[in-house]
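Working notes, structure below.
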Amino acid sequence: MAIAYSTQRILEILGNDCESVGAYDGLISGIASLSEAIAGDLSFLGNPKYRASVARSKASILLVPRDYEGLPQAGQLYLKLDNPSFALALICRDIEGMLLPKPPTGIHPSAVIEADAEISPEASIGAFCYVGSGASVGAAVLESHVTVGRSARIADGSYLFSKASVGDYCEIGLRNRLLAGCVIGSDGYGYEFLDGAHQRVPQIGNVVTGADVDVGANTTIDRARFGSTLIGEGTKIDNQVQIAHNVRVGRHCLIVAQVGISGSSVLGDGVIVGGQAGIAGHLKVGSGAMIAGGTAVVSDIEAQTKVRGYPAMPMMLFNRMAVLQRKLPDLFKRFDQLEKSLESLQNQSR
Amino acid sequence: MAIAYSTQRILEILGNDCESVGAYDGLISGIASLSEAIAGDLSFLGNPKYRASVARSKASILLVPRDYEGLPQAGQLYLKLDNPSFALALICRDIEGMLLPKPPTGIHPSAVIEADAEISPEASIGAFCYVGSGASVGAAVLESHVTVGRSARIADGSYLFSKASVGDYCEIGLRNRLLAGCVIGSDGYGYEFLDGAHQRVPQIGNVVTGADVDVGANTTIDRARFGSTLIGEGTKIDNQVQIAHNVRVGRHCLIVAQVGISGSSVLGDGVIVGGQAGIAGHLKVGSGAMIAGGTAVVSDIEAQTKVRGYPAMPMMLFNRMAVLQRKLPDLFKRFDQLEKSLESLQNQSR
Amino acid sequence: MAIAYSTQRILEILGNDCESVGAYDGLISGIASLSEAIAGDLSFLGNPKYRASVARSKASILLVPRDYEGLPQAGQLYLKLDNPSFALALICRDIEGMLLPKPPTGIHPSAVIEADAEISPEASIGAFCYVGSGASVGAAVLESHVTVGRSARIADGSYLFSKASVGDYCEIGLRNRLLAGCVIGSDGYGYEFLDGAHQRVPQIGNVVTGADVDVGANTTIDRARFGSTLIGEGTKIDNQVQIAHNVRVGRHCLIVAQVGISGSSVLGDGVIVGGQAGIAGHLKVGSGAMIAGGTAVVSDIEAQTKVRGYPAMPMMLFNRMAVLQRKLPDLFKRFDQLEKSLESLQNQSR
């Protein structure tokens, strides 16, 4: 990915608020960490613990905090700012806009749109997209091979990557990002055992997402048995997460990769669920709770608490236990010893 | 999803076997639990423990057991039946048929069907489907973007959701439901280390599913090294499950989301595997065994037993251990105390 | 899948180096293990522990080691070789070539190729493929519904199965196999909490794979925040694996199904990661390390070590602990006993 970025462009983005020390005349062709940067790269001091790496960095332009006292090498430019990380994000956002320009509005001739679907004139519908009967797509981008089911709704500002699927009757909120291969609105997993076989329980609900929700690649969110599976505003879901029918996830939650949330469980606002954790069905996880990676939640979790383990326990207890577990072999030995000592004492005292 | 459902239609579905108490003149526009229902909703008393919620429910029509003694509010209708849950399922099935009508038979003009593939005149093939050479598709529904590989077979009554993939030579049984994004018949993961590199072992088998199998969204089932990976009749597989090459799953099993089953393992009939559990390769799991969520199975499991843990152990033992683990910090303290007491006794007795 | 394979063809593949004992005149129609083979099948003795099964096998042709002394039944042919497993792989590779012939070169008329993409005349581009602006595809096979993003590169000899997605700017090396539904180059999961919401951190890097990399079905590999997420030459990744942004996987690693590797972690060469294991972010795993299935790695792992557990510990310690854990209930009982005995001794000695 060839970036060719002038010093002038960087200064335009960062505005007047930055102080230049030294000079670099060439173009910026990459971004890298302090230790990995080569000539032509932009780098930055985001974490004070890497301060010593700045002087050794081969980057051509370095974003450093105002109080950084070192001086650039020949042909190197330091830009001093209040918040180098934030400055970097501004530059990256600009580069992202150049590298990944928003596709033009309009409907690709290969797309199939059912006659009674409504497509905004500001929508961009890519190759091989299918939009079902009664669906509506706002000023959104659909890359290639996207499916929008019957009567589904995609609000303005959403971006659906290649092969995202939105099932029948599901409603995607404003500015959602649905990454490649995710499936919103698959059947909930519900059966009743009757006459010697598992009979499917009809799943006639849908999935509704709030504004600014992100859904990761190949993540699956099942439609409700009835009513809606809900994902709250601002919640960010990573890749390969499974969210079962009738789950309700609050606002501004973070759900890391490969998490599974079973049917009808309810998460409050601001909950953080670490990678590969599992939450059993019909549970309540209070707002602000933090569930460590790999944890198996099998009972309700209080708001603002941290849990970890299989099954989940308070994080402090888990950490203590993890240390003690390793001492179990030693404990068993000491115990055998103790039993013998006691026995010999008992023999003495007879 | 706008439901508009008359009381008369509900009575038609439930038949003569239900007793009306009270009356509701409007249309039903939703289904909800007793506590969440609003006016216009249908609700039901499925679980006796919610009996007290019936009187407070705002639902307009309530399905209740025959022995429920309370009386409806004004404008509310109680329908008394033997089995309210079953009655609800009947109604939901009817609604499902209206909301999600079976697509018309025929082949969408955008689909690509190789010349020597056989498509039943009763099949419904959606937009952008690809059916390979020598494949046959019975009276089945293929939504959009479905792939049916070379010489693969799809039996009558099956429903393949958007972006389901059935690989070369695989055979899908009667009335299967393959949810969006599932992959049946990907290469098995087999390598031999030779000349400093992992050499791929050819995978020339297929996947064969029995009748009435469901496969979840983004689930993957690998083709056999040779012979067949088998999924037995009536088995229901949830989302994001991974089933490796040469696995044999029995009949009427339930395999919950994110489970992984390694190569050549064999599950009997009626096995239940909880979410995120893993089963190592070349193992036998007896019929009727229950494997709790998150369990790591690393040795054979006897029929009709329940296991849990990492690694798996009898569920009773796991539950006991989970309690004791939390007492480890206390045990270590008591132990230190005991050692000291013993030492002081030993000193006394010298 | 109908195989019809003559004895003569098998002898041609195996060459002069094999000794025939007995004779079989028919065609070979399947391959099966010794105990499951029926008449018409080919079988083999790969593992000496199954030696006793050879005489009972109903296979028509059996590959056996040179030192196998038994004699075939009537109408049965033994082929004696140095390495029956390797011989079987040669035959399977030949069958694979017949069952799954390489698709013809050329671009399917339904594919959409942006005007400035470069497609090798030796490439095979299947139905409904989309190749973005500035992308290049070498002498590779793309089955149906494959997406190749803007400026992405697919090197010679690669095979992309149905619905594989390669994101913008990603670079796929020589002879890669990307299985169905995998997503290479999805957005990294990076947010900063600002003004009461999680703000997306731009992800402007890409994914680069070395030669001979395999990527499993529905696996996801995220693009780097900047720079590249790297997968080393010869590394084989199973289904449903999640590899986060800026991860670097070394050469000739094996990463089994449903593993998750968090952002910026670095794996050396020849690392083996068992199924469902998780590796937290910003860690180093040394070359040749083995991480058992289900392990949760939360700190660096030394080269050539074996770890297991939640959290990870040396495998020997884990195995010892797994045994002792089951004795915890007993330990607690013995402990109570010991306390009582000691107390009674203390009372005596007063």
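In order of appearance the chains are A, B and C, and numbering begins at 1 in each one.
The rule is short, and it goes like this: contacts are C-beta pairs under 8 Å (C-beta built on N, C-alpha and C of every residue); 3 or more make two chains touch, one makes a residue touch a chain.
Being a predicted model, the structure only gives us computed values, none of them experimental.
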{"item": "Rotation in the CA alignment of chain B with chain C, degrees, nearest 5", "value": "120"}
{"item": "Numbering shared by both copies at the chain B-chain A contact, with half separating same from different", "value": "different"}
{"item": "Inter-chain centre distance, chain A versus chain B - centres from mean C-alpha coordinates, in Å", "value": "25"}
{"item": "Overlap residues in chain C, where contacts from two or more other chains coincide", "value": "110, 128, 145, 163, 181, 218, 240, 258, 276, 310, 325, 331, 335, 338, 342, 345, 349"}
{"item": "Residues of chain A defined as touching chain C within the complex", "value": "1, 30-32, 36, 85, 89, 92-93, 95-96, 99-100, 108, 110, 126-128, 143-145, 161-163, 177, 179-181, 212, 214, 216-218, 234, 236, 238-240, 252, 254, 256-258, 275-276, 293-294, 309-310, 322, 325-326, 328-329, 331-332, 335, 338-339, 342, 345-346, 349"}
{"item": "Residue ranges of chain C in contact with chain A within the complex", "value": "110, 112, 128, 130, 145, 147, 149-151, 163, 165, 167-169, 181, 183, 186-187, 189, 191-192, 196-198, 200-206, 218, 220, 222, 225-227, 240, 242, 244, 258, 260, 262, 276, 278, 280, 296, 310-311, 313, 317, 320-321, 324-325, 327, 331, 334-335, 338, 341-342, 345, 348-349"}
